[in-house]
Structures are given as C-alpha cells and as structure tokens.
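In what follows, chain A forms one complex with chain B and a second complex with chain C.
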Partner chain A sequence: MIRFYVLFFLFLTLSFPLNARADNVFLDKRAFEQIPVLHEGRVKPVLSMARGYLIRFSGRDTVQDLDSYTAQAWLAELLFTPEQAMFRPVFRVSLPTLREVLGLERSSGHLYHYHELQQAFRTQSDFLNQTLALDSNQWSNVQKDLIDLHENMIVFNQLMNSFSLLRPLNLSSEMIDVLPPYAQDWARAKGNYLQSLIFAERLRQQATRLAEKTTKAGTDLATLSASDQAVLSLAFMLEEMRLHGALNIVFRVVPSSYSRMAQETGQSEFFAPWALYEQGASGPETAPIIAEWAQILQAYQNSDTEKWQQSLAKIRDYSIHTNSDLMRPYALGLEWGYHHVKPMELSFLFCLLGFLSLLIFFISGRGDWRRVAWISLSCAVLVHGAALLARVIILYRPPISTLYESIIFVAWVAMAFGLLLAWLTNRQTQRADFAVFAALLSGVILNLVAFTHTAHGETMIVLAAVLNSGFWLATHVIIITIGYALCLFAAVLAHVQLYQFPHPAARKTIGLDHMVLNTTRLALLFVIVGTILGGIWADQSWGRFWGWDPKENGALLIALWLVWLLHARMTNFFADYHIMAGLAALNIIVALSWFGTNLLGVGLHSYGFSDKTLWSLIATTVIEIFLIGGLLWRIQRHKRLII
Partner chain B sequence: MKQKLALKLSFLLLAFAVFAGAVVWDYTRAPTRQLEKNIQTAATEQGASGRKTLPHFSFKDLNGKSYNISDYTHGEKQIFINFWASWCAPCIEEFPIMIEQARKYPQDWIILAFSVDENPAEARKFIQRFAADWPQNMILAADHDKAISQGIFQTIRYPESYILSPHMTIRRKIVGMVSPADFE
Partner chain C sequence: MKNKKVTFLSSKLNFLGSPRLPLLLLPIMMIYLVVGTVEQKYIGLYEATKIYFTNPVMWAWDIIPLPGFPVWVALLLVGLLAQLLTRSRWTKQMMGTMLVHIGVVLLLGGGLITSIFSYEGYMPLLQDAPPSTAIYDYEEGQMRVFATMQPARQLPFALSLEQFEKELHAGTNVASAYQSKVKLHDAAADQTWTSLIRMNEPLRYKGYTFYQSSYVFTPDGQVISILAVVHNVGRIFPYLSCLIVALGLLLHLIIRWAGRRRGVKV
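Now for the complex of A and B:
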C-alpha cells in the first residue's frame, strides 16, 4: 500500500514538469507573475490577472499555438511586444452562427487571433452597431456572443496599449530625414510618446497651420512637401496615441498618492500608466516607477535577463510598500502559490483516486484499497481545507460569498464530515466504508460542479459591499451552507441505504440507518439555526425578519421536508425505505433551494439567470427521480427479502 | 471511550492546523525569498528618506536670471509651484488668483510659476497681457525643455500645481485651476 502511495505521489510530482509550458521567452516568470496589480477592486499578482483574462478570452489558461504559452507569458508578450501577441489565437468563437456572421473560417479549437477578428469586425460594423442600438434584453444568442467578443477585444486592445506611451516609435528613416530639427533627434534616438511631449505643442501648432492652409487652398495633402507630410503624419500618430491612451485604464500597476482621492483619504490609488498622466495622478514619486517600467519593456524586447529581474524587483518593492489598505504582501504571495498548486484540482484528484480505490475494494475485498481510499480522503480534506483557509486570507472575507465558494465549502464540509464520521465509528465496519464512500462521492461530484461555476474562469471575484460585511451574514451563510452539506451527505447515504435494502447483507449494516437519521437531525439543526440567523441579518439589513423571498422559502422547504420525514419515522407513518427515498430526494430539494431560487430572477437572493444552471438543474432532478424510482422499484421486487 | 474520541478529534484538528499553517507560511515566504536579494538592492538604492522629498534643482526666470530651489528651503515660507502655458485657457484665469494670493500672504508663500512654452517669446507675451505687475514673492520661471515639469514633477497636463513645505516635501498636488482656498 505504501508502495502504491509512493508511486502515486511520484506520478503527481512528475506530472507537474510535464505540464510545464514551453514559454518561448528568456524571462524569469516568477518575477513578473508577482507584480501587484489592481484588478476588479483587489490588488492581486499579475499571474491572477493573466489567468483570468486568458480563460475569459479562450476558455483555457494556456495559449495553444506553435509553442504552448502560459497565461503570464502571454500577458508579458501582449504588454511588451503586442505586434506578436495580436497574432496569437486566444479568442474563442464557439457559436457557429457567429463565425458565419463574421466570415471566419474553421480554426482549431474555434480560436482566432485579434488581427483577423479586427478585420472581421470592420466588415460587420453595421451588424455590431445595430446590436448596440438595441436594448440588451432584445439580443439574440449571436448578438450576446458578438458583444462579449467585442468587449473582450476592447480589453485586449487596452492591455496591448498599456505601455504604448513608453514604447519607442519606429519611424522610417525617410520620414526621420525630413522631420523638423526639433523632432529629428528624438526620432533618431527612437524616442517614445512621453519624450515627444517636449516638442508636442510646437508640432501641433505646425500641423494645425498646415492643415488649415491645405483646407483653405483646397489642395490635396499629397501635394504637400515631404517635410510637411512628415509633420502631419507624426502629429496625427501622436494624437491618435493620446486619444487611445486617454481611455486606457486596465493594467493598474502604478501606485500614486497624488490623485484627488488619494490626497483626501491618505490611501494610494493604483493607475494604468496612461491614466496616471491623463488623470493628473503622476508626480515625483511615480517617476522612478515609470522609468523602471520603461526598463522592463526594453529588457523584454532585448532579452536582457539581468535588467528584467532588477527592474521587476524594484517595481515590486515600490508597490508592496504602498500606503494602501488594498496592499497585503502576504496575501499576494499566498494567491501566487494558490494558482501554482491548484489545490481544488488536487482535491478532486484525491477524491477520484479514493473513490475508485473504494470501488475496487468493494469488488475485490482487498483491505489495501480501503486504506488507499481513507488516505486519499484525508489528503483531500486537508488540501481542500487549506485552500479554503487560503481563500479567506487572500480575499479577506468569509469563505462563502459566491455560488462557487458555496459549492467548494459544501464539498469540504461533506468530505470532512464523512471522514470524521468514519473515524468515530469502528473503522473496520461497512458503515465506516459507506461514510467514506459518501464523502468521496460528494467530493468528486461537488468539485466537478464547482469547476463549471467559475465566473469566466475567475474564482476570486470581489463582491458588492453588502455581501462582504456583517457578522450575522457571515455566520448565517456558513451555518446554512453546512446544513446544505449535511443534507447532501445524508442524501448520498440514503441512496446507499436504498441500494442495500434488497440484500440480505443489509441486516449487518443496520447501523447505516442510524447514521443517515443522525446526519439528518444534525442537518435540520443547522438549517433551522441558519435560517433564523438569516432572518436576524435580514431584519438588520432590510428591516424585516421574513419576506417570503424565494431563497427564504427554499430554506424553509428543506426544514419542512426534514421535519416531515423525521416525524414520519417517529410515528412509523411510512415504511423505512420510503423515508430513505424521501431523504435521497433531499438532493433535489437542496439543489432547488441552492441553485433553483437564483433562476427565478426575483427576490433579494437572485444572482441572475443562467441557461447552463437551468439545464444542469433539470438534468439533476430527472436523473435523481429515475435513480430513486429505480431503487424503489428494485426494493418492491425484492420485498420478501426485506420482510 | 470518550477520551479516545476526543484524542482522535484533537489529532485531526491539530493535523489540519499544522498543515494549513505550513501551507500559509510556505506560500507567503516563497516569493519573498526569491526576490529578497533584489528587493534589498532596490531598497538601498532608494535610500531611507521619504520618497516625497524632492531633489534640489536650479532654474531660470523668463529674463534668464538663474535661481536654485535651495534658496527658498531655509525660511518658513511654503513653496507653491505652478506649471502653466500661454496656450492653456485655465492658466489665463488662474494667474490673477495666484498674483492676488501672493500679495495677500507675502510672509507665508513663495510662488514659482513655470512656463512650459517651447518658445519663450510666447510666455513673455502672455505675461505682458495678463500679469504685467507681479509681487516680489512670485517668480515667473521658464521650463522650455520641460526638464522640471515633466522630468521631476511628471506633469503633462496644464495647469498643475504643487504645494511644498520649506523642507521640499510635497504637501499637496492641485490638478487644474487653483483657487484662493488652496492658499489658506
């Protein structure tokens, strides 16, 4: 057994280097990945932002091209050599009709690069404008995807131009030769936009005079001298850069204490380089930061490893010493580690391994496989729990604030409860095995569900303030979610019990019945306490204890369902297997209360409608009805054995 | 039996706490260790002084007379630095305000108004037209190559102003037109 586990860990260790991407860059990625950036209301490492955007654009966290690029290498390329990045296929257009509308040819993985999509949008600008003129409620699926794609391209464009003010302008030697003397030295030295500001006013005035003269005379610009044409071209180029830059706000990596808000609050704000200047937040303190970013840009383009590392270290140092409540260096490091270790994937792997091992044990009866299952579950509980703790530290809020977080929390509670239950009973009994089985199955299914409930691949989103504060809210949500987890665990055990009923061996596992009922009683306690705490919070926040909100009704439904079944059991109103069927159906009740109420689109707990969730919910309900119905039918067939 | 259960439970909790603690410690430590050397170098280069302390610089007024900012850093007066241009509309409006305030608080303020015009003649024309008579505690300086405005203060939009302490630390930055309240 020990040999098996050694081999498994060896496999895990080896699989990580196999996953390593062949980033076609010289650079030390760690230095770049750890740069703090303000994104979506939170200071996070660049790695998080890069992964978030790449998954949002392409649905995956690597760029599949001639080389396989990691998200962070892709973002570095996009920021520092955008002329290359715009030819990487990172935009997924999965809807065939949209591909048809945009005139896109078949492509591997339905991935397209920025340049070809830009061309496609130019030809379909009318369709885009018509869509934008409509109310978003009237958009068809194609139009929704079109707008999403367009928005993603705008973000891509912003990232691409984040450092355009520092990037050298490569003008042709013919143009440089005919430029006025005041611009020639700058052009020969491959100056950038910021440096051009020294003569910008003179250039603008000269270009304005030329344009007015040409307009008055009604002559064509082509008739102007080469020198005048060069002046107009350069002025136009710089003005276009300024206009683009004025809207550039995505890559917020420069901390500043000079903005109006920063001066009022005493807390530094983070700005994208263009916005820093455009919004008047630049100052003597930001000068060395901008100078270092210029060095980084140059180092990337010249593959200068030493300069790259030194400048990034300085930038990181400046940033982490910023006077801002948003800046928490330990949380940055933790988040960086979280993305590298991928604990949720690891937890899923442990659960899967344990589940398969337990199945093999049930079939073969060999004790070693049972031990593998136990150890796997223990590892899953530890890794998953550590991940939850890490998320609390990173996000600086209670562990359950989004649907995704509630799913991973429920998964951990179900796994940990199963392990505890198995540990506290006699480990050699079948009862303990079924507790481990239920824990592992819950872990596998809930981890899978969690993977499909990330917001564009981003699992650490910032919430509206109302959801981010309040002692009662935190305790209410945690307790009611533990209630959900216990209900699901009891439901899985009830399935096992239903399966066991027809077998004569079921008599030996009579204890399982108590395990299901005790779990149910505990679940009821948590659901009721959680609902009451929710009422207290609602009273403080919304001014009423109970408002017949769908989510409140959902929690009440679970409580009533449990009370009904437990009373039926006490009074022997139903046969045992009917009670077990009712408890197995808890899965449906919990799913409806947990996910279903969000789909109604009404009430204070509505998080928006999602087609995907609707179909998953319908599928879960149908499968459960058939499964429980099938198990009951099987019991009916073997009724004599039970009696 | 109960003791055994409690022991098992305690062991589980302890194992979890140790593991979680180790993970937290390792993850937070890793990047620091990686960049520690470079960060130390960066910190040394930056120096221990506050970042907002400005370097001393010299400049010329519109008539070509040389000055050094250190000439104004020994007294009690606050330093008001303003960047303006002859083609900037709000600058026309704020110039009388600065002159008025300089007159009102001669003992409290020294005002350095830097013209960023590339052509000094344009700046002189502006002064003749809008600020022909300015008080002693106001210096109309020139920054034709933007070495001070852009090089030190990172100003590219006008007007912008800074209020400095006599010790050359920045007290405030004002984006756009100044108002009398800024001098109080």
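Now for the complex of A and C:
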C-alpha cells in the first residue's frame, strides 16, 4: 500500500525537475525573466515573450545547440550579444519545398540560424518580392511559410537591435584621431549612439555643409581632408542607425509618462528603447532607466553577476510602480509562475499516470492501482482548474476566446465532470470506475490535442473588438463549451458500453446505460441553451439572432443529432446498441463542429486554420468510424453465436 | 387515446405528433445543414444561406425541386403542435418534455414571425453631415457605401454622427472597441438628444434598434460609421424560449434521475 504512494509521489517530484534546464550562461535569469514588457496588447513578464517567440520561431521552448538553452537565456543573448545569437539555430523551416527554394542544406530538426537564412534570402529576394506583390489569399503553402519566416526574421532583427543605441560603436583608431574634438572624447571613451546625441546636431550641420560644398564644387569625396571624411562617415553611420532604430518597436520595456498620449490619458505608455527617443517620450524619469539598461548590457557581456542583478532589480521596481491600468504586479507574478510550473504538462502527466494505473487495475484487480487512478484524476482536476483560474486572472477576461483555450477548458470540464459523477454514484461500483476511466481518457487525449495547438507560441492573447464584450459572450461560450465537453464524455462512455454489449449480464450490473443517457441529456441542455444564448448575444451585438454562420450551424448539428438519438430511443425504432453507436459517433460530430467549421474559413467564428487540422480531423473521423464499426461487428457476431 | 373514436383528422394528427416524425425530419435537416455549411466555402455565406436555408424551394442540380429548409422546419413545428395537442399526457412525468416542446414551438414560431415581419438594413453616417433618415438594404448580404445608392426606406426620425471613436489594444493595431456618438432628431416629438452606440450597447428607439457594425474611411480620410438597423417584432421569443427550454430540460433530467433512484423504469 505505502509502496504505491511512495511511487506516486516519486512521480510527482520527478515531473518537476523536467522544467529545470541548465544554461551555459551563469547569470541568474530569474531577475531578467520578471521584467515587465508590453507585448501584443498586454504587460507580461519577459519570460512569456521569450517563450512565445522561441516557440513561434522554432516550435519548441528551448534552443538545442551545444547546450540546452532556455527561452529566457536565448532572449537575453539575442538582446545583449546578438553577434552570438545570430548563429543559434532557432528558425524551423519544416516545408521541404521551401528548404529547396532557399537552398538550405539538411540540418537537425530543420532548424537554421539567422545568418544563413539572411544569406539565403538575399539570393531569393525576387521570389520574396513577387510573393509580397500578390494578395495574401493567393499565396501557395510555400509562399505562406516564406512570409511567416520572413516576418519572424524581421522580429528577430528588431530584438537583436533593441539595445543597439546603447552598444559602443567600434570606430577605427585612424578615424578617431581625425575626428573633431567634440566627437573625439566620445569616440575614445567608446561612446554609443545615445551619447552621441549631445553633439548630433552639431555633427549633422557640419556634415550637411560638407556635403553641400562637395556637391556644388563637384569634387570627389576622396579630395576631402581625412578629418572631413571622418565627419561625413560618422554622420552617415549615425543617421543609418537612427533610420533603422526608428522602426524598432518590439521590445517595449520602458514605461514613460512623457509621451503625448501619456499626458492626455494620465497613464504611462510603454516604449522600446529606440522608440523612446524617436517618438520624443524620454524624460528625467526614463533617463536613469536607460542608463540601467546600459549597465545590464555591460554586466551581461562581462558576466558581472552583482551589477546584473542590481540593475535589473531597479528596473523591475520602477516598471512595477508605473501608473498604468495594464500593470498588475500580482498578474505578472502569477504568469511567471505559470510558465515555471507548466500546469498543462502536469495535468497531462497526472492523466496519463491515472489512466495507466486504471488499466493495470482492470487487468490485475488490485485495489491500490485503482486508488492511484482516483488520486491522479483528482490532482489533474485541481492543477488544471487552478491553471484555468490563473489564466483568467492573468488575462483579466473570460477563460475562452481561442481554439487552444476552448480545448483546455473542454479537457477540464470532462475530467471534473467524470470525477464528480464518480463521487456521486456509489464509489465501490464499477460504474464509478468507468466514469473515472472516461475522464482520464478524455484528459489524456484533449491535453495532447491542446499541445498541438501551442505552436503559434504565445497562448495568452488579447481579444478582438467583436469578442471583447463581457457577459453574454462569456456565458454563451462557456455554456456551449461545457456542452462539447459533456458530449465527448458521453461519447467515451458510449464506447465503453459498446464494448460491454456482448456481455449483457455484466452490462446490467454495471448499469452504465443510464449514466450515458443522463450525460447526454445534460449535454443537450448545455448545447441548446448555449446555442440560443449565442443567438441572444448576436442579437444584442448586431441585431440578428441567427446568421447561419458555420459555427452556429455546427452547434445546431450537435443539438439535432442528440435530439434525434433521444427520440430514436423513445420509439424503439433502433436497437439499444445502435443508439450507443450513435452516441459514440458524437465524437465525430463534435470534432466537425468544433474544428471542422474553422476549416471553411468563413464567418465570425473562424479562429485559426491549418492543413494539419484538416488531416487530423480526417484521421479522427476514419479511426472513429472503424472503431465504432468494429465494436458493432463484434456485437453482431456475438449475437449470431448465441442464436 | 386508444378509447377514442379514431377520426381521419385525429389519425393524421396522431402521426404528425408521434416521435416518428422528428425521426424522419431531423436527418433530412441535418443533411441540409451539413451541405449548406460546407457550400458556404465555395459559393459564399450569403448565397449558400439563400439556397439551403431560407428559400422555401430548393432546386437540386437546378432541375429537381425539393422542399426547402423552411418547409421542413414548418413540418416540425406542425408536428410539435400536434404532439402538444393530441398525444401528450399532461402528467408530472412528462412535464419537462412538454416544457421543452413548448419552448421549441416558441423558438420556431418566433423565427417565423421574425422572418416575415422584421426588417434589417444599415445606415452609413458621415461625421458632421446633416441628419439622415435613409436606411439601405443589404446587397448580396453586404453593406456597401456609395454616394449613388438609393435608400430602401426612411426612418420616422433622423440621426447624425457627432463623433466616431476607435480604441486600440495598447501597442497594437487590433481594435479593442469602437463607438459612435450620434444625435437623434425626432421632429414629431420636437426633441433632439445625443446618444452613444457601441458594441453590445445599441440604441433602441420607436421599435428600431441601431447597432455599431463597422466603419470605413472616405478617400479624403473622413470616417463613415456604419450602423446596422433592425426592426424586429419577434425579438422577445428567443429569450422566452431559452428560459423555457432550459427549465424544461433541467426538469426532465431531474425527473429521470429521481425516477431511477426510486426504481421506476424510464
């Protein structure tokens, strides 16, 4: 008995160290991870941004190079020593045709580094330009991936140059010697772009005069004195940097109350370092913060732990006390914790453990395994539920707005409902075990499906205007999603029941029929009410109750299917096992209306589409048809044998 | 029912009211639903909706006339009414089912009333332009804004756009909300006042409802706010129906559950 619990908790502790990976940079990334940054419409810890981008670029949350690199270590490297980060293979090019077009050689995991891709793009600039000239809905798959890759590289480039204004410029000593005195001290002290701003106007004027002189006289630049040449090239270099930096807006990490909008609204605005200066938002408060960033840059390059931590702490302290509605320190902390605990992975592991234990129990009949399964399910429900709650607090909105969120919500409802059902029925019965079985199986499968929907990177995103509307939306979406979950749960139970059918005696004692039917009725309640509430929401928002949108039709299809089966059962027109087969096929119907409707790419509800979805949908349907068909065939054969 | 003298009418009603009717109708409706939804990808939402869901006659391959979706819905409605009138036993056991059926009758009936009597259009409002009473019809399901368009009907009062505002999510180009501040001029009541229309907060006046739908920019950069206008008589039905169906299903579930606990075969 005790052995089992020891094993169980061993499993628990083992699942945590999976998250801890060694970085080959000894600096403490913890201080860096927690810096608040405004990204994609909300303030989040740098860790979220790092993970989001790394997953978007490479499809994974670590860099597999000589050593395993975490996302946050990778981002730090990209920001502070880009010349190294350029050679980390973080861009996945999964389409073979695209690899061919770009002339890329084989590499492990189809991962390539920025530098080689930059070279490849140079040779293929015509293809890129042709693609960009086309309308986006005419793009082929190769072109879609090309544009995605290109966009990712632009973001990479922006991140790479986020702090270029603080990085010392490497000027040759010959050039420094002939610079005018006001720039010479700066150059000798290894000054950066920002420090050059003091003499920028003077330099610009001098350079303009020189340029005018040379154009008027028609003289060759080579005839200018070395000193004049140095002035011109320095001015040109700095102007180039300014033009490039003016577009740099990704790493919005400096809150400022000096911008025009901040003055109007009384709320601080977040700027990327370059944008702070280019958009005239710097001021007495932001100057020391930028100075701290310069310290961090140096500390990183010199591996100066003490300075690194001090400066980051100062920045974090300043940012957290920013006057802005977007800044919620407790949410930041929670989000940071969310990424470290990885509750969804934990939930999956619990489900898997529980599922396997229950299978062992079914085979061996030893009660300890049964207990492990029950405890695992309870843990999964708790962890998963806490994660959903955390997401609501972090995002400050109802829990479901993306496909990914609907999947994790459905997973939780199916698991929680199964657990509840198991507790409510007599716990010693096999019926309760089957409820736990269905809950665990749903948990395993749905968590797996959810993992395949995180490839876009960040899963916590803000809402589009049409969805940003509170009460009716929240109720409609939550209720219809609960409906989906109950349907799936009923379908899994129906499979079990179909499997039991050849043994009527066992079936009667287990008494799963009523559990399936009552779950179905409850599902019908949620699906119908959810669908009508959707209509009411539409009526409230834009005045039409029903618009024949694919998603609406999908929900209606589920409702009609359920109503049909329940009426079919009433008339005794079909055999019991046909009804069960129909309920088992609910999986297909729900998958079609949940994922399939997105494939059509029409209407309001289509949020995300890929060819992969299509193929997995087809595969699911085919497998289900064979599975249900096989179970039915088994029942038929058994009947014949008895007669 | 068995003791009753079976007349021609009641035997027909008996069939219509039996659960065998939905058994037949529902698969047909499901086929329409699936085909019509998939077709949206190929011929567009508006065209597919017209052919598969709203036309009373559906032409298969342009030559064979089949009953359209509304016909099947109407049959279902008749069946439900027949069931309520002739077959239902008004017992405690059946209370939930009865309620659900009443709710669905209200939903379908309300839909019928809406489709016959309601009116939908839209109203483009240029900022600072004189008050307008013109409502336009959707063309091919779309809202179009051209200077040469003829209004389909006139409002009994006038609206003008004072200000249009768009809010973005911080640091992005994603709109988080947009809204129109409009002025309502009612000559009949000799009154003028301003009102704010935004997502989920429509303006309702004299049976008309105005929703913030979208916005466009004119070539010279002025903003035109587009309001959807709805005059719907059957608005209340879905709300009622939702409540009744929910109650009915809940009751049904409780009755079944309780019945099983007591050992009644259900």
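The criterion applied here is as follows: the second predicted complex is superposed on the first by the 593 of 643 C-alpha atoms of A that agree within 3 Å, B and C clash if a C-alpha of one lies under 4 Å from a C-alpha of the other, contacts with A are read in each partner's own complex, and residues count from 1 in each chain.
FYI, a contact is a pair of C-beta atoms (placed from the backbone, for glycine too) under 8 Å apart; a residue touches a chain by one contact, two chains touch by 3 or more.
All values reported here derive from a predicted model rather than from experimental measurement.
**Q** Pick one for A:197: touches chain B only (first), chain C only (second), both, or neither.
**A** first
**Q** According to the stated criteria, A:472 is in contact with first (chain B), second (chain C), both, or neither; which is it?
**A** A:472 sits against chain C, while chain B stays out of touch.
**Q** Figure out whether A:420 sits in contact with chain B (first) or chain C (second), or with both, or with neither.
**A** A:420 sits against chain B, while chain C stays out of touch.
**Q** Go through the superposed model and pick first if A:284 touches only chain B, second if only chain C, both, or neither.
**A** It touches chain B, and chain C stays clear.
**Q** Thinking of the overlay built on chain A, is A:107 touched by chain B (first), by chain C (second), by both, or by neither?
**A** So A:107 meets neither chain B nor chain C here.
**Q** Name the contact category of A:184: first (chain B only), second (chain C only), both, or neither.
**A** Once the two structures are laid over each other on A, A:184 reaches no partner at all.
**Q** In the complex, go through chain A and note every residue touching chain C.
**A** The touching residues are 38-42, 249, 252, 269-270, 326, 462-466, 468-470, 472, 514, 517-518, 521-522, 524-525, 528-529, 532-533, 535-536, 539-550, 553-554, 556-557, 560-561, 563-564, 567-568, 570-571, 573, 597, 600-603.
**Q** Along chain A, where are the residues that touch chain B in the complex?
**A** 30-31, 34, 182, 194, 197-199, 201-202, 257-258, 260, 263, 277-280, 282-288, 290, 309-310, 312-314, 316-318, 329-330, 332-334, 336-338, 341, 381-382, 385-386, 389-390, 393, 419-420, 423-424
**Q** Per the contact definition, I'd like the list of chain C residues that touch chain A in the complex.
**A** 18-20, 22-23, 26-27, 29-30, 33-34, 36-38, 40-41, 44-45, 48-49, 53, 107, 111, 114, 120, 169-172, 174-178, 199-200, 202, 209, 211, 213, 228-230, 232, 235, 238-239, 241-242, 245-246, 249-250, 252-253, 256-257, 260
**Q** Any idea which chain B residues touch chain A in the complex?
**A** Its residues touching chain A are 5, 8-9, 12, 15-16, 19-20, 23-24, 26-32, 34-35, 38-39, 41-43, 45-46, 51-52, 54, 85, 87, 117-119, 145-146, 150-157, 160, 162, 170, 172-173, 175-176.
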